[in-house]
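For reference, the structures are reproduced in the following blocks.
One chain, chain A, links the two complexes that follow: it is found with chain B in the first and with chain C in the second.
What follows is the complex of A and B.
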């Protein structure tokens, strides 16, 4: 289990902390959602949980980050990457650029770990299967759609067999079909035992796949609970979070003087 | 499963079949030799042996010639103008107003142009016959650090990517009313409007790629696994060392004045 306990983070040169005493637990086989408005601190929390902040981008961090009870704050990035990996917002920017095919792109991570060639191939094949993109294996990753590239990025991370996967707005740049593909893959990944942390602005996406959701506002976690419990709460809108479509409908029906439950029963 | 540490699939020609490191050594060797050699004849001979023959073997002669000439043209023109028209001393063969054209100026211009063409040809030959991923795999197979290979690769891969990005930005700016045609002043404004977002987006993408590479274990010490082993051979190894030795001898000959050309 990856655990953040009272973690505060300040960007290099930043006048204030971007995260304030955040506590979060990522248990294996579960999907934890991060909801919040733009600039709420979701991406920063992803960078911190994934170990990229402060190791790669600098800054100062306070608090404890443990993996199965072991303090990982002093681990180098390449060591942590064997356990925790992070996917950023734009898939095209995460491609290695040194792969001619999707297979080579997916194999890039396990190859970096110096595994035997047979192991690299086996892991890459498995990741392609898990994400459901075996048919793309010989395609040029740079010539794929945004949704397909996002799946390739996720397969590349999964081929490293991490126990924790951090996803920063994985469907932000995708159309409906691409989003569906990615969300299905995330569910399959968690079912296979990986702990997933997913920052997302689309409430419907969070409600679809997450086991629990934490609301981030001003660098704090201000609420947490089951997706329906959190995202359907009237106070959610105040934090700049998109209202769930069914909740929006219920509110409008009520405003029009209709009983949403009666309408739902009638339809 | 054919990828497990097996030789990479053969290229379309014997030149493509060579280990990319061999192609790199030939190109770099040609670049260095072009600097060391003097005289148009020697330089043309070098171009014939190290650029044109391999280009023909790789069935890329036309492409190497056209791209090489286009690449060398701006520098070649400026060299011709400076050396032919502004050569101070020498035997005057013609006058152009206050400017005198000398035999020595023409000879020097011809030599520098030949050198520029040779260097451009060598660079283009390597670029059009070597995929960046091939080069990376070869360098890693030969023990070059992953970071260095990535820097080399990105240097090569960045050119078409930047061109593609500039094209996209230009199209987007035109859609927003930017005038990139007409007089030079308008075109100049257009260049700024295209260059700034192109460079900024490239920088942003580089930052993101750095994070992505870190999370994929790129900075791990030790050699990464190479799945595609390049077609190397003892003949190629000897040839590479031969090129290196030839360059050392050439440098010594140039330093001692023993080089005939």
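What follows is the complex of A and C.
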């Protein structure tokens, strides 16, 4: 279990804290969603939970971050990365740029964990299959579309089989089929025991996979609950969170003087 | 105003991957068109042909009837403004104002004119207060909006937006929808690439589905998202909008947007009363 307790964070040179006393528990086998407006602090929370802030990007942090009860704040990045793996928002920025093929790119992570070669190959092929990109195996990762690169990055993370996986908008660049595969893969890795934290703008994606959703606003967690409790709540729009399609349609029908329950009859 | 015409455009990347395969497409002056398709279907490759960043392996791109191959990139840039998917591949200036003014200045706008346009464009995307900041100090979302502002400030007659809503929250996406509709009303052409099917249905007049570099559907949102087209959409890895699915289940015909569902239900009530 990865636990943040009263964690505040300030970017290097930042005049103010971007996160204020955030408390969050990521338990094995659960998927926690982060919802909220742009610049609410979701990505920052991902960087902090994944340990990249402050280790890689600098800044100052206060509060406790523990892994199974052990304080990890002094752990170096390479040590923490054996337990916690993060995917950033822009997939192209995360490619290793040293792999000539998609397979090598995906194998880069598990190979760096020092696994035996057979294991690296098996995990990489399985990950390619999970996100549906076996046919891209021999392609040059730098010559793929933005969405395909996102799938490659995701396959690389899955092949590492991390105990904690931090995902910042993992389906942002994906078509419906790609999103479905990635969300299924996220569910599968959580079922196998990984704790997942996922920041996401698409409410439907959060509602589909998350066990709980936390709303981030102004650097604080201001609400949390089941996906439906949170995302179908009337206050959602005020927080800049996309309404679930069904809720939005119901609201529009009511506004037009129509019976919103007609939607329920259609499903 | 500018008409774009693709005639049998095929494009093969150096590694031999055929990203476009005989695309015929006319985008009339003042047209509003969304390109949709699975990841890797050729959407971005097509967009890069519209402003000359890529030249077809076979076929031609005609700008107002003239072969784009005869245009310099600079001359094409004066007609077609393009906003890339990933802001960090585009932003290079040290001040927001300079970033937005850059394209306008290159196209010959005076210093005052470029500043006026920059202010207007930043206002439109909601970044008016960030004029003096360093682009690196902006969050991911604002950098995305910044690239859109830079293209708006060029006042090109064609605006191409690759995944304009990715990474934006509901508020930001709504703002982009408004900008696109306003550009269209001004008579400029807008070509959008998006995976956000609801956004596409609500924002564009015409929708073109690409599948492995070919145009497989081309019509209004009501046509492309009608129930009979769903198998084709799904074969390309896409899903129709939620409103279209609800409308079909309620027997309302093709309702690509929520507004269409509401209108169709009001119609049905009115005829029941009669």
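Odds and ends about this structure:
Just so we're on the same page, the second predicted complex is superposed on the first by the 245 of 267 C-alpha atoms of A that agree within 3 Å, B and C clash if a C-alpha of one lies under 4 Å from a C-alpha of the other, contacts with A are read in each partner's own complex, and residues count from 1 in each chain.
The rule is simple: a residue touches a chain if its C-beta (ideal position, glycine included) is under 8 Å from a C-beta of that chain, and two chains touch if they have at least 3 such contacts.
Fair warning: this is a prediction, and the values are worked out from it, not measured in the lab.
Using the contact criterion defined above for the overlaid structures, shared-chain residue A:109 touches chain B, although it does not reach chain C.
When both complexes are overlaid on chain A, the residue A:156 reaches chain B alone and has no touch with chain C. In the superposition on chain A, A:258 makes contact with chain C only, not with chain B. Using the contact criterion defined above for the overlaid structures, shared-chain residue A:248 touches chain C, although it does not reach chain B. Of the two partner chains placed by superposition, only chain B is touched by A:81; chain C is not. In the superposition on chain A, no contact is made by A:141 with either chain B or chain C. In the superposition on chain A, no contact is made by A:227 with either chain B or chain C.
Looking at the shared chain after the overlay, A:237 reaches chain C, while chain B stays out of its contact range.
In the superposed pair of complexes, A:99 makes contact with chain B only, with no contact to chain C.
Counting contacts by the rule stated earlier, residues 90, 92-93 of chain A appear in both its interface with chain B and its interface with chain C. For chain B in complex with chain A, the touching residues are 1, 3-5, 131-133, 136, 146, 149-150, 153-154, 157, 161, 204-205, 208-227. Against chain B, the residues of chain A that register as touching in their complex are 47, 50-52, 55-57, 76-79, 81-82, 85-86, 88, 90, 92-100, 103-104, 107-118, 120-121, 153, 156-157, 160. The part of chain A that touches chain C in the complex is made up of residues 36-39, 43, 89-90, 92-93, 139-140, 143-148, 150-151, 169, 172-178, 201, 237, 240-243, 245-246, 248-249, 252-253, 256, 258, 262-263, 265-267. Only residues 13, 15, 17, 37-40, 43-44, 85-86, 88-89, 139-142, 163, 166-173, 195, 197-198, 237-239, 242-243, 246, 249-250, 258-259, 261-262, 265-266, 269 of chain C touch chain A when the two sit together in their complex.
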